[in-house]
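Presented sequentially are two complexes of chain A, the first with chain B as partner and the second with chain C.
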Partner chain A sequence: MKYTQLFFQYAAQYMKTRLTYRTDMVVEIVSDLLSQAVNFIFILLVFGHTSMISGWSREEIIFIYGFFLVPFAIFGAFFNIWDFNERYIVKGEMDRILTRPIHSLFQIVLERMELESLFGVITGIAVMFYAGSRLDLTIAWYDPFVFVLLVLGGTLVYASIFILIASISFWSDSPTSIMPMMYNIGNYGRYPVNIYNSIIRFLLTWILPFAFVGVYPAAYFLGRENWYLYAFLTPVIGLVFFLFSIFMWNAGVTKYRGAGN
Partner chain B sequence: MGKYIEMIRIRFLMMLAYRTNYYSGILIYSINIGAYYFLWNAIYGDKGSIEGMSALQMTSYIAIAWMARAFYFNNIDREIAQEIKEGKVAVELIRPYNYLLMKTMQGLGEGIFRLSFFSFPGMVIVALIFPIAFSADPVTWLLFAVALVFSFLINMQINLLTGILTFFFYNNTGLIRAKRVIIDLFSGLLLPISFFPGWAQQIMNFLPFQGISYVPSMIFTESFSGSEVIHAVLLQIVWVFILVLPIQTLWLIARKQLVVQGG
Partner chain C sequence: MEKIIEVKELRKEFKSHSSRSGLKGAFRDLLTRNYKVIPAVNDISFSVKRGEMVGYIGENGAGKSTSIKMLTGILTPTSGAVRVNGMDPHKEREQFVRSIGVVFGQRSQLWWDIAVQESFRLLKKVYNVPDEVYHDHMSHVIDSLDIGPLLDKPVRKLSLGQRMRCELAAALLHNPPLLFLDEPTIGLDVLVKLKIREFLKEMNARYNTTILLTTHDLSDIEALCERVVMLDEGKIIYDGGLSSLRSNWGEGKQIEFQFADTAVTKETLQPLLAEMEAAWTPGGRPNVWIANVLNEEQVISEVIGRVVAAHKITDLKVHEISIEDIIRNIYEEGVKNG
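Moving on to the complex of A and B:
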């Protein structure tokens, strides 16, 4: 209860500060839209020269991309802690976090939120509806609930990988370069995993499970029954990885020694 | 002239001090090249060639396009914006050198550093992982080198333009971000310009962007034939000259109406 209340208070505060500089916010949303548009155009251009990519049609690939945008946007809004090491460990800000009476990670999520990223949810859903209508997909009454569940699973996958990497900062002090690398590996999840070789496919499924952010859950809505097992594993993988990352975070916090000074 | 060359050297040494930061950069670029490698192979499937390029030429294209990006890419636009915002530009303007030329030289120092510590070892690593076709013809390499110099200049000029625009917009981080995304697509980094539909190619013939990535990468993979190469490089040179005009005009106007915010 206290946590939800705090969350909304922080969110309200955040909106106030952002709305003071409206143009900055609009510009940021527009440039996000622009980079999503570039990815979209890329898919369109490629399909000007082929009708299928490893058995997936243009609309299906677009649908997968649309789905990917949704968990990615939620992740970006709340778990975008790529600068954790610099901001909290090197500068010693973690000291302040630890004196707060709520869980340290939750406190950081509150401080680092970027709500304008949530705009990607709308873009993603719009893209899915565009592709879905061209594929004549039908929506069953339970599909919205499945959608929420799978999106949550995908978000947790992204969140836990970044939390895990942030946790490394408690033990070692140079993982800053791993973070940008993860964004690039995450892009592999935007396309069907069967275009990759078996090693990368295994990696994207079990080690850095980015495939659970895009292809696997999207396969459920596309009616690809041979992928259903993986689609329904999405929330499980998300939860398992998330619990593991929280465990590592908590273990890491006990090792925190402060930055001196 | 001496002071400009000195500037290249200083920037090079500055970058050298932080060279460990670049090892992860090579890995990131390799990860990107890998993603496109698999994607393009899936796109080609059993097709022999698309738009006159084989799958092997395409993967070589992607690899060289990214590694060349390491050379021409720099954040001079953001540096200029920063100096304008902090008011440092006022001091820069009274120094006995041409500010824009000095910025270009700094960018060149950075580029030479990345060429030797990023692009070159990166290309060796990428060639070990993925099949890449290297030309055996020294003329191709020479033309590629020439095209690369002009690709640096065009990109640099666009950066200068974006930077100077800070004089008029005060806060242009959004513009800088948008510019980067647009260049990635329209310069041919993500896919060759020849893959765009005809009408889009027509439009892009009137824009400077393809001189940045498309031209050198097409030359490297020998996807251009004979006269096309000469034509493409000439087009690059023409753009370098054309772009001088808006830069000088904006620069003159900007200096006249400079407002130093704080400082």
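Moving on to the complex of A and C:
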């Protein structure tokens, strides 16, 4: 309850800061929307040259990509922890975080939020509607709720993997180089996993479960019944990985060495 | 009186690897690393009572910051027991930090881009301070620190002195019974320093706030603290009153002579102080010599009389030995005469 209130306080403050620089704000929104539009066209162009891969049609692949963009955008808006090591450990900002009566990770989420990323949700949904209409998909009354649940699951998967990597910073000095690599691996979740060999598929399902951000949940909306089990595992995997990552984070905080001044 | 801080055998070790020399050494480092365990804080024990203002001093690397960070719940101790405000700072961190205020002089608590009052508003939410309590307490704090006109300015536009006063107000927003100040006056001008000292005294008198202060500026300690805890290489080397520090080590006086005649040397002055417990040291400027003597009327007048009779002087000053000198002496000689 208190955390929800705090969240809105911070979000309001964030908007206010943005609004004080009015021209910046307008330019930023326009450029964000433009870049999302470019993204959209780019996706159509890239996939325009493919037809069928491992039993997936072009529109289906576009649909999966569109779904992927939604949890990815939410992740981008709230989990900007890719520079956690430099910003909080090396510069010692973690000291300040730890002197406040709120969970340390939640404070970092609040401090680092970037709400503009949420525009990606619009693009994602637009892509899904575009692909969906070409596939003649129908929407049942409960589909929006399932959508929210699966998106949340996917977001948690993404978040937990990055929280886990950030937690390494508490023990070791140099996990930064892993971060960009993770962003790359994350992109594999956008494509149907059965196009990869079984080792990579296993990796993307159980070790770095990026497949739960894109292809598995999207399969539900595409009516691929043989994938339903995986689709509905999405929130479970999300929750399990998230709890595990929080556990590791909390363990890491006790190992925090502080920055020497 | 109840104890606010209780520390027993507190220890914090850091592991650091020492690299071997040369390229061959670097390859060997890849395989097996040499770790050295360095105790930054080495089994210290002390306690602080409610309402005390304690100066926590030591050279860089003496273990001040590390021990303060353990007291504030930022670092986990390697061994030993800490109870602060009746809680274990690290284990009950979120509950515990509500009962303390922290100011790190080199690090800002405030949000860089937003107005000071917005920062206060967010912190008020973070600490869950009720409206009435907030207005009551903060209007007083804002008045005494004289930061009213700064409230609608973003932090990045404030000068260091202005920012520091706002930091202090932010740390006291939830009116904590215990305040940790790490170098609160670093880089500040004299007027701001005085204002901050006045304010801290007032908080201590009004709310009986306990204050633990680390600083390199010993005049802060002299102005505020009755007690000092001195650290060296992770150990406490002195814990006691500031006044007894002066009476134990600062017994003497220094008489500074500026001579008119340029040919004065230690050799010509030495015979003047024969059979007295006194010594000459150079005064740092040409023709200035300092006689270090016992703090007794007879001795002082005798020394001045003899010197003035033998040489022409242009200036004369009598100093009490400063706390800074005393502390330097302690670090150089250890605590053997304590």
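In the analysis below, the second predicted complex is superposed on the first by the 230 of 261 C-alpha atoms of A that agree within 3 Å, B and C clash if a C-alpha of one lies under 4 Å from a C-alpha of the other, contacts with A are read in each partner's own complex, and residues count from 1 in each chain.
In this text, a contact is a pair of C-beta atoms (placed from the backbone, for glycine too) under 8 Å apart; a residue touches a chain by one contact, two chains touch by 3 or more.
The structure displayed is predicted, hence computed values, not measured ones.
In the superposition on chain A, contact is made by A:Ile102 with chain C only, not with chain B.
In the superposed model, A:Thr17 lies in contact with chain C only, and not with chain B. In the superposed pair of complexes, A:Gly92 makes contact with chain C only, with no contact to chain B.
Judged by the touch definition given at the top, the superposed model places A:Gln9 against chain C, while chain B stays out of reach. When the shared chain is aligned, chain B comes close enough to touch A:Val46, but chain C does not. With both structures placed on the common chain, the touch criterion links A:Tyr130 to neither chain B nor chain C.
Of all the residues in chain A, the ones that touch chain C in their complex are 2, 5-6, 9-10, 13, 16-17, 92-96, 98-103, 254-258, 260-261.
Only residues 14, 65-66, 69, 72-76, 90, 93-95, 97-98, 100, 102, 104, 106-109, 111, 113-114, 118, 121-122, 125-128 of chain C touch chain A when the two sit together in their complex. Residues of chain A that touch chain B in their complex: 23-24, 27-28, 30-31, 34-35, 38, 41-42, 45-46, 48-50, 52-54, 177-178, 180-181, 184-185, 187-188, 191, 195-197, 200.
Chain contact summary for the complex, chain B toward chain A: residues 21, 23-24, 27-28, 31-32, 34-35, 38-39, 41-45, 47, 50-51, 171, 173-175, 177-178, 181-182, 184-185, 190-191, 195-197.
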